[in-house]
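This report concerns only the one structure given below.
In order of appearance the chains are A, B, C and D, and numbering begins at 1 in each one.
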Amino acid sequence: MVDVLFFVFAAMAVGGAFGVVLQKNPVASLLFMVGTLGAIAGIFVLFEAHFLAAVQVIVYAGAIMVLFLFVIMLLNLGHDYRADIRSGIGAFLAFAVSGAFAGLLARQFRGAEENPLYQRFPGPEGMDALLAEQGIVGAIARPLYTDYVVAFELVAILLLVALVGAVALAKRRV
Amino acid sequence: MTALLDAIGYDVWALHALIWLPLLGMLAVLLAPQERAKKIAFGWTAALFLLSLGLWWAFDPEGPLFQLTSRVEWIALWGVSYALGLDGISLFMVLLTTLTMPLAILGSFRYIRKHEKAFYALMLLLQTGIVGVFTSMDLFLFYVFFELTLVPMYFIVGVWGGERRIYAAIKFFLYTALGSLLMLVGILYLYAQARATGAPPSFHFLDLLGTPLTLTEQLWLFAAFALAFAIKVPVFPFHTWLPDAHVEAPTPGSVVLAAILLKLGTYGFLRFVLPLFPEAAIHPTVVMVMLTLGVIGIIYAAWVAAVQPDAKKLVAYTSVAHMGFVVIGIFALTVNGLQGGLMVMISHGISTGALFLILGMLYERRHTRAIEDFGGLARVTPLLATALIITALASIGLPGTSGFVGEFLALLGTFERYPVLAGLATTGVIFAAYYMLPMVQRILFNRLENPENRSMPDLSGREIAVLAPLVALMILLGVHPTPVLERMDPAVQAIVEYVDDANREGPLAAAARAEGERFAVEVGVGAREARDVPGAGLQRPATPESMDLVRSMHWPGTAGFPGQEE
Amino acid sequence: MLVEALVLSAILFVIGTFGVLLRKNAIIIFLCIELQLNAVNLSFVAFSRFLGIDGQLFVFFVMTVAAAEAAVGLAIIISVFRHYEAVNVNNFNLLKW
Amino acid sequence: MTGLENATVLLLQASPGGYDPILPGLILLLPLLGFLANGALGLIGGVRAAEELRSGREPARHEGRPLTHTLPTWIGPATIGLAFVLTTANFMAMLGAELTDPIVRSYWMWMATGTLGVEAAIQLDQLSMIMMMVITGVGFLIHVFSVGYMKDDPGYPRYFAYLNLFVFFMLILIMGANFPMMFVGWEGVGLCSYLLIGFWFQDREKADAGKKAFIVNRIGDFGFLLAIFLLFVSFGTLDYATIFDQAPEVLTYGGGVATAVTLFLLLGAIGKSAQVPLYVWLPDAMAGPTPVSALIHAATMVTAGVYLVARAGVLFALAPVGAAAVATIGAVTALFAATIALQQYDIKKVLAYSTVSQLGFMFLGVGVGAYAAGVFHLMTHAFFKALLFLGAGAVIHSMHHALHATHKDWDAQDMRNMGGLRRYMPVTWVTMAIATVAIAGIWPFAGFFSKDEIIWYAGTAAGVGGGYGALFTVLWGMALAAAVLTAIYMTRLLVMTFHGSNRTGDAEASHLHEAPLTMIVPLCILAVLSVVGGWLNVPGSVRNSIFGGFGLLPMSDWLDRWLQPVTQSAVDIRVAELGGYASSAPVGGGHVLWGAIATGVALVVVILTARAVSRQKIVPATQDTVPLSGIRKHLYHKWYVDELYDRVIVRPVVRASRFSWRWIDQILIDGTVNAVGGVARGFGWFGSLFQTGQVTTYAFILTLSALAVLGALIF
């Protein structure tokens, strides 16, 4: 059941990704992106990362993508999309480079299951025990506010800076 | 005096105060209102000079080699320590620094017109760096201070300099930074080699002393260190940054550059290069190369100086010639040569500093540095003329001035081992007259033709206050240099003896001896505390017991020292 | 299941890369970068299933940074658009030498 | 405080033995104090004059006599006079003491290192004492003369400051107890010489002359320094006492070290004493005030080289090559300079070349081992040459006033503009005539005895062994020729200046006047000394001949005996190695006979020259347009030596300097440095090509780089 669901979500994600890249209409790209994010959220659930799945849907798909949508609409890009996708040599180069990338990665995955490192990989029992004991929120929250508290604070400041920066950049010159 | 100093614990805090108080002064300057910045800076440095005078009494010429020592862990993991110490060589370098700084600042009151606060703050920062260099016992700390001196100087030249200041500043910075980076590599290699012997990690000079190195390693390390210091000195083919930097730098910058910063190079040779790489230091090729470069520097720089139309550039080239005497004195590796080299360093600091100050005063009056714009000034500015003549004579080493003592000893010391090269170097005294007298003549003598020179004011009270101490020192050190020489003597003898021992008995044995001598102190007092006790350091002579101890503990493989019987 | 997740992650990442290189619309390029980030997130989550909770924490941070990046990036796009009346990256070539 | 007390104690300290030096330190201190006082006054005066100059006026020359002018009049001569009195007292004390070893007084440790110890010490012995007498005595007279001569000069206090400083350094040179101390004086007098030659520094030529003197002297100092180094390496000390005591053991006779040391010392002496080939600075040095020429460039400083050779006599005795070189240089110089003096018109130039020539005689003397004779000639020469210069000074002074009064722009020093001055300046004429016959070597004047003795020793030295006989014979001949030339050019000078008709011009002639009393008195004293000064050192054979009035005249060989403790060891070595002097001249004849020949020839030459010159038609310099030709042209242009040096040495060095700067420094070295910078810049430029400004390009490069890293990790 889980495997089947994974492949369904995977197919959705890959399909959505292609949609993002290949759709001429930005709004359509954006919607495909939302779909992809949703699929990935589904996979998160399969990996018992319920909290992240929720955040993915609420924050990513819900907030960030809507922000993108707002910008697209603000700039009124929905109807004039001719010169958007590269063609000719540009397209070829893009394809070649990412193809090479894909090739390299594929080479790495070949025979991964026989890799001794993979053989010695721990099972999900540890995580299961942790989740059983603390619940997903507790399991994330505890290190977040202890071991990672500095990073957490930094990220908070980063968000503030980004907020101020975005306002400063986007507002009209007075 | 000594009792007073003891009573206030002078030897415990003096060096730290001399390094860090300038930073406090920098803060004071930055917080003060713009128009009072220079006065605060001058007062501060003058007070520091008075403070540093205590070193004269606190340093006991009969005492151990390194005095006023202290050692605090800084980066314990790597063995980096904040370790300070003072020997006869650094004593005078520190005094020279603390003396030059207030005079340079006092001499810049009229010259520096913009960003005064920043300027004086940088000068104070510079003082921290320089005093730090001269008192560091830890190579890492030394490197930090060595680099620290670069930054303020870069800004001083680059911001307050003349027309081509940016070019000069960048050239100065890149040139010296290149050398010191190679030195950093050398320091790290040396450190790694020392650790490879199983010793605890340490950058302390005395710990690194006697690190076993093959001759090839020594030569490479020597090259790395020597390049850094040769650029700083500067030795002949690496000197071209100097005229540019000197000409473009504002007066106080030139003064500090000539009087003190150049000495960082020769000081480095003396303090680190000779003892750390004793075999390389007497390797015939190395010695010949260094001596030849020194001699070329003396003659070549004198020639080039003689045809300069720009007075400041002329004096800049004379610095190269003077430092040539220091280089040959150092690499002749005789007591007289080293003493002479040190005296030249001191004397050059005083006389060239004064020359730059005087040229700066002329520049303030006429806004030109070209020699041909002057002439006949002796009639309008007799006081300035007197100062310039005495300074010029001290610079060309007239007996009775400090310049003579230095050059005489340096040449004598070189002659003891390398008569032919010393003979060539001695022609420098002829060429010194060849470059200096025409300049003096064309500035002070000849007909007073230019009407602008006619209304030139003579020295003001402030300017007299700047020059008088320097002129007095030139003559005092020329007539009675013995107090200086006798304080430097133990340090110089120790270096010569150490290098001799290292080559006669092999570096391991000599290192063991030096280490043993230090160890003797530590065993007596308790190894850990010893380093913080003033006076811990190389102490001579070693006792036989300590030697045995060292042999058994540190270098188990080197039984049977030649020369151990004595 | 780990390997499959990683392969999916790789595929998504390559597609994102392809998109970045292929498209000229600055907004779409941003979307593709988000796609790449998500591919990485997927890897993190997959690993975290077996290796501990830290992977999820990283994803959390990546999301935050992505949010900040999107905010600033979009603000830049808006201000650039005001200047050029376009979001085509081929137009932006003044920032050189 | 303790230092001062120590110094006082040392000053007053009595030494063991029969002779207690009386305040020897004070002899040095007095001129120094004079220098400080006059120097301060000079600065004050200078500052005042500068203020006037700034306010737009030329400082007035004759405007009253401010304190800065009246005080030096007393301070300057008084300090030297007191020093002279002290020296005399010491001299008297030493006279009665039969001193054998020199007395050394050490004041403080000057330079001390682990291996070297040089003390600030003075040495009193017979040689330094006689030199001190000459320096302070003649120095005092010249100071007095200067009071009159420099009266109107705005730099009056400065002048006395330099002059006092000179005496101080000269005394250090003489009294120093080790070579570095002598070197202090050696360079110090060079400095004063430089300052005084360029005293009227506004005149570019005069400032140039000072510079030339200093630089040429430094060439000599270079040799001196090397000699000092070599001595230190050989002896481990630089004290006279040790070196001269141990020299016979440490140095092998005729060995390389001894020869090298003496040749280097000789180089130093050549520079300071203006011998061939470094004599060129001395004629130019005549740019200084005339009393300076008298004191520094005739009587004292230039004889330092002679003093050096005499002082280091032991070393020269150990190095026959060095000694022979000294003698050769001396003889060559004596003859060479004498030829140039024949055809000079500037009265001071004639005297300058004459000085060079006479110094050559002294070198010849000390070179052949006749140290006493050399020092003897040094002393008598100090008397009559100082007299000649001061007389010339009086003449120039008078001429200058006369020409100044009518604003005639003639050269006050050109003898062609003079003539017939004896009517206006009788005392000057008489005293100069005495000096002339003295230098020409006519009995019974001082020059006769001293020069004759040198020539005699040069001749008899031809009899020594070691293969130097032939050389000394030649040198003897050259000395004889030089002696004849001396008589010629000096007579020419006297006749052209004082005899014949006056060529100054009628208006000017009425302004010619005898010198003031402060100038006349020194002249007279020196004139007396020029006569009796020669009687101090007359060997017995001469004394008992007609030249000594058959023993009736108050003559003695006192100086020879006086200097014996100093010179004895050198003479001993010389006699032991080379054998003694011959008893007759190379071509036969004894001392008395050759003395008679010398004075007879000199007399004849003087008379013939006087007649020839008075018959010659001399016109003032401005009208003298007939170009010289042949040998006279070469003589007038001083054999073109200055031009030769200019072309062979000066200009190549300057050219090399320019080459070093322009090509080596700026293009080769700095070019390389900048080229390295250029290469870095080139790389930067290349890198900047990738910065197209296109985001897509960056993205491609980024991806490709990531690919490359990935690839590197995988493969």
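Convention: a residue touches a chain if its C-beta (ideal position, glycine included) is under 8 Å from a C-beta of that chain, and two chains touch if they have at least 3 such contacts.
Model, not experiment: these values are computed from the prediction.
By the document's definition of touch, common neighbours of subunit B and subunit C comprise D.
For the pairs A-D and A-C, the larger set of C-beta contacts lies at A-C. Mean C-alpha position of subunit A lies 62 Å from that of subunit B.
Note: centroid distance subunit A to subunit D, computed from Cα atoms, is 98 Å. Subunit A and subunit C, compared by their mean Cα positions, are separated by 7 Å.
If you average the CA atoms of subunit C and of subunit D, the two centres end up 92 Å from each other. The residues of subunit D that reach two or more other chains are 696, 700, 703, listed in rising order. The residues of subunit A that reach two or more other chains are 90, 93, 97-98, 101, listed in rising order. For subunit B, no residue reaches two or more other chains under the stated contact definition.
Contacting chain pairs (ordered by label): A-C, A-D, B-D, C-D. Subunit D meets subunit A in the complex at residues 696, 700, 703-704, 706-707, 710-711, 714. Those residues of subunit B that touch subunit D in the complex are listed here as 171, 174-175, 237, 239-241, 300, 303-304, 306-308, 334-336, 339, 376, 378-383, 386, 393, 398-400, 404-405, 408-409, 411-412, 415-416, 419, 422-423, 426-427, 429-430, 432-434, 437-438, 441, 444-448, 454-458, 479-482, 485-486, 489, 492-493. Contact residues on subunit D toward subunit C in their complex (touch as defined above): 688, 691-696, 699-700, 703.
Of all residues in subunit D, those touching subunit B in their complex are 43, 46-47, 49-50, 53-54, 108-116, 120, 180, 183-184, 186-188, 191, 194, 198, 201-204, 207-208, 210-211, 214-215, 218-219, 221-222, 225-226, 228-230, 232-233, 653-654, 656-658, 660-661, 664-665, 669-670, 673, 677.
Those residues of subunit A that touch subunit D in the complex are listed here as 90, 93, 97-98, 100-101, 104, 107-108.
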